[in-house]
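Paired with subunit B in one complex and with subunit C in the other, subunit A is shared by the two complexes that follow.
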Partner chain A sequence: MTSDTRVILICSGKGGVGKTTLTANLGISLASKGCPTAVLDADFGLRNLDLLLGLENRIVYTAQEVLEENCRLDQALVKHKQQPNLSLLPAGNPRMLEWLKPEDMQKIVEMLNDQFQYVLIDCPAGVEDGFKNAVSASKEAIIVTNPEVSAVRDADRVIGLLNTHGVKPVQLVLNRVRPKMMQSQEMLSIDDVTDILALPLLGLVLEDEQVIVSTNRGEPLTLVGSNSPAARCYSNIASRLQGEEVPLIDPAKEGSSLKDKFRRLMQTKIF
Partner chain B sequence: MTLRDLINKLLGRQQASAATARERLQLVLAHDRTDLSPDLLDQMREEILNVVAKYVEIDVEEGAVSLETEDRMTALVANLPIKRTLSGEIKLKEPSPEVSSNQDPN
Partner chain C sequence: MKKVLYFPTEKKESWQSFIELKVKELKRGLIEINSGNWQLKCRDIIYLKNLCERYNLTIVSINSYIPETIISANSLGFESSLELEFAEKSKRTFDNEIINSLQSPSTFFHQGTLRSGESLDVNEDLLILGDVNPGAIVSAGGNVMIWGRLLGIAHAGKHGNDHAKITALQLRPVQLRISNKIARGPKEKPEQGLAEEALIEEGVIVIKPAKNS
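After this line comes the complex of A and B, so read on.
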């Protein structure tokens, strides 16, 4: 293995918290910063990364055919037309659920190590075989969670499993943050979540309707140079992954109207 | 406590839901992380109290055994108030032969 390739697992435990959207946007972001990046869809039972990247019609082969020596790696890699530094590799065919083993996943990632600086693995939800396969090939991990009790609980379980597999560092991305709800203390705060999970915060992503618009189109926000709140957050996360120091967006400062100032006053700690 | 919490309390309103979410999560995670069910914890609490009560007189009503979690470390915390004599000394139990004979050799 080439040691300087960063193989990062993007996982959450719970489904629907934004793993795939983060993988797509982070992949585009890193690629546009000049890093050759591969995104590997390890969720081959229910794969969606192709759809978010707008590459669903261009998949011919998967990593499975490469391992069976039915095609070459470069035939299975789907290069993004607008961002050629980014390639997608689906792990397997949805019809072959039983097929993939941890060793296969390790072989796939080893093949990618030669060509890419970043390999982002989009992990399936749950903690069963699909998760174990993906973990076995990963060096570090990003946990995605929402400020909701069910997502945080599942994240905690996954963190425990990552620790036992020796994956590190494990960093946290808090997704779908709603500043107004946090200000009125009707949503777990950033500190609540980082304290409970005891992980370093890689970044937060503000709730943003544009995310839905971009998935409708198959064009990640970071691809089209959007300046929407979520797009800025994704881009910041990519920069931090590369070691740049980018200050966190303070959700409390997202609004500066009198109403927002009053909200901030109301959350002042008095004792 | 925040200013909002205080006002809610003064008006007799429910506290903001984030605080409730945090408390519920902390509790459920403490149990998740140890695989201990509340039933098992209760059973353990009782046994611990009984063992300690063999040696010193403790206030069984006040005794509490709970799981506390901080920075992914979970600790079993037992709080067992020991009764004192009037002169302020700790009340020791008389070593009784009955106690040891009660123990099952298995």
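After this line comes the complex of A and C, so read on.
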């Protein structure tokens, strides 16, 4: 398993576009498809991948202790209860930022290489040291962006930096797509975004209130087998990452079928 | 199966009637067009495309010995390539202006897209094969030529050359600077497939369809 481990960086440049949510859901999806997957929180300053996965209270050791050789790697890895194929390597305390070097990050990822098929790195926002550390350890990348001018601009900058670091291939996930706004051209269209970024589109994720609910509960959507739009999108992305061909969701058709309308109606009554 | 459609080698007749006959013979499928020594403008290529569509033919690529034909085809989004060995042999004389701009040692050549935050600053003329994305800045002592889209900021003649030009296959900049003049980019989208150039006329920066395209 050592050589074909895929180390994938999930980054965006701008904050709040859905890096961590994508990491958590993609991790669960890949794990449930039978691939041993590790998610690594590289956002040391503002860590919250553990929150999204609902693993906060089970963290004993972190990446920091592993690097200081105060514990073994398998002691620090937190296995997900419902999805044992998924493990989280938590970020250490925020002061790690001061001394962590790209070599340390590479060391951690090398250790994970032996045990896992996929290593997903949740990259911090911005393009400073934290980003550089994370990039140095990864082989390929997924750029997350929203159909907004500022997010696209930042993503463009990050793609340029990834190119200079030789990270390949770089794929694109367009997050928080609102079909209605796209149709009425109030939002950047898919073509507008891919035109500027010139990257292969790995998938779309539709805007979905369920994402917020699941984040607050610490249960990623893909874990609970939800059939909400975003959950389907995440699971499609995981399939495509494994090389399957899954057609893109057409935002124009999404939400217009009777079934979808009925489901929305049901949800509004319940919550 | 891909078929190749050659333009007439002799320049006496006009190519339109010749091609129409040829196209009628071929029935549906993919074709590659080789325009040989004919210079095709954008409207010629659109004519070709419509003609082919009428007979259920899809144009895969357009090849030619003439660089201008390639530029037109490229700007309309067709796959195209210059057949160099033949281009050398062909007796056609190039426009002096093009020769100078391509061959002069003072042209800085950059291949690849410039993304947000990246910048390129040279003292010579600047030729870019790729896009200049929003947030990127290019500046040159001489002319700026972009074989791609200009969506960011371009500065030509930065040392005070008022005759410098900015040329791009698609000119949609945030801001244009020539010499010490500054202009905001046009609000409306330009026509597709029309290369444009910006230059100083009577003290203001104006945008016009580019020559030689």
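Just so it is clear, the second predicted complex is superposed on the first by the 251 of 271 C-alpha atoms of A that agree within 3 Å, B and C clash if a C-alpha of one lies under 4 Å from a C-alpha of the other, contacts with A are read in each partner's own complex, and residues count from 1 in each chain.
Just so it is clear, a contact is a pair of C-beta atoms (placed from the backbone, for glycine too) under 8 Å apart; a residue touches a chain by one contact, two chains touch by 3 or more.
Note that the structure is predicted; figures quoted are calculated from it, not measured.
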Report for A:Asp156: first if it touches subunit B alone, second if subunit C alone, otherwise both or neither.
both
Using the superposition on chain A described above, determine whether A:Ile196 touches subunit B (first), subunit C (second), both, or neither.
both
In this superposition, the partner of subunit A with more touched residues, subunit B or subunit C, is B
Once the structures are superposed on A, label A:Ala31 by its partner contacts, choosing first (subunit B), second (subunit C), both or neither.
neither
Which partner does A:Leu204 reach: the first (subunit B), the second (subunit C), both, or neither?
neither
Answer with first, second, both or neither: which of subunit B and subunit C does A:Val170 touch in the superposed model?
neither
Of the residues on subunit A, which ones does subunit B touch that subunit C also touches?
153, 156-157, 159-160, 196, 198
Of all residues in subunit B, those that touch subunit A in their complex
1-7, 16-19, 21-22, 24-26, 28-29, 32-33, 71-72
Subunit C contact footprint on subunit A (complex, rising order):
153-154, 156-157, 159-160, 163, 196, 198
Considering the complex alone, what residue numbers of subunit C touch subunit A?
113-118, 131, 133-135, 151
Tell me, which parts of subunit A touch subunit B in their complex?
148-149, 152-153, 156-157, 159-160, 182, 184-189, 192, 196-198, 265-271
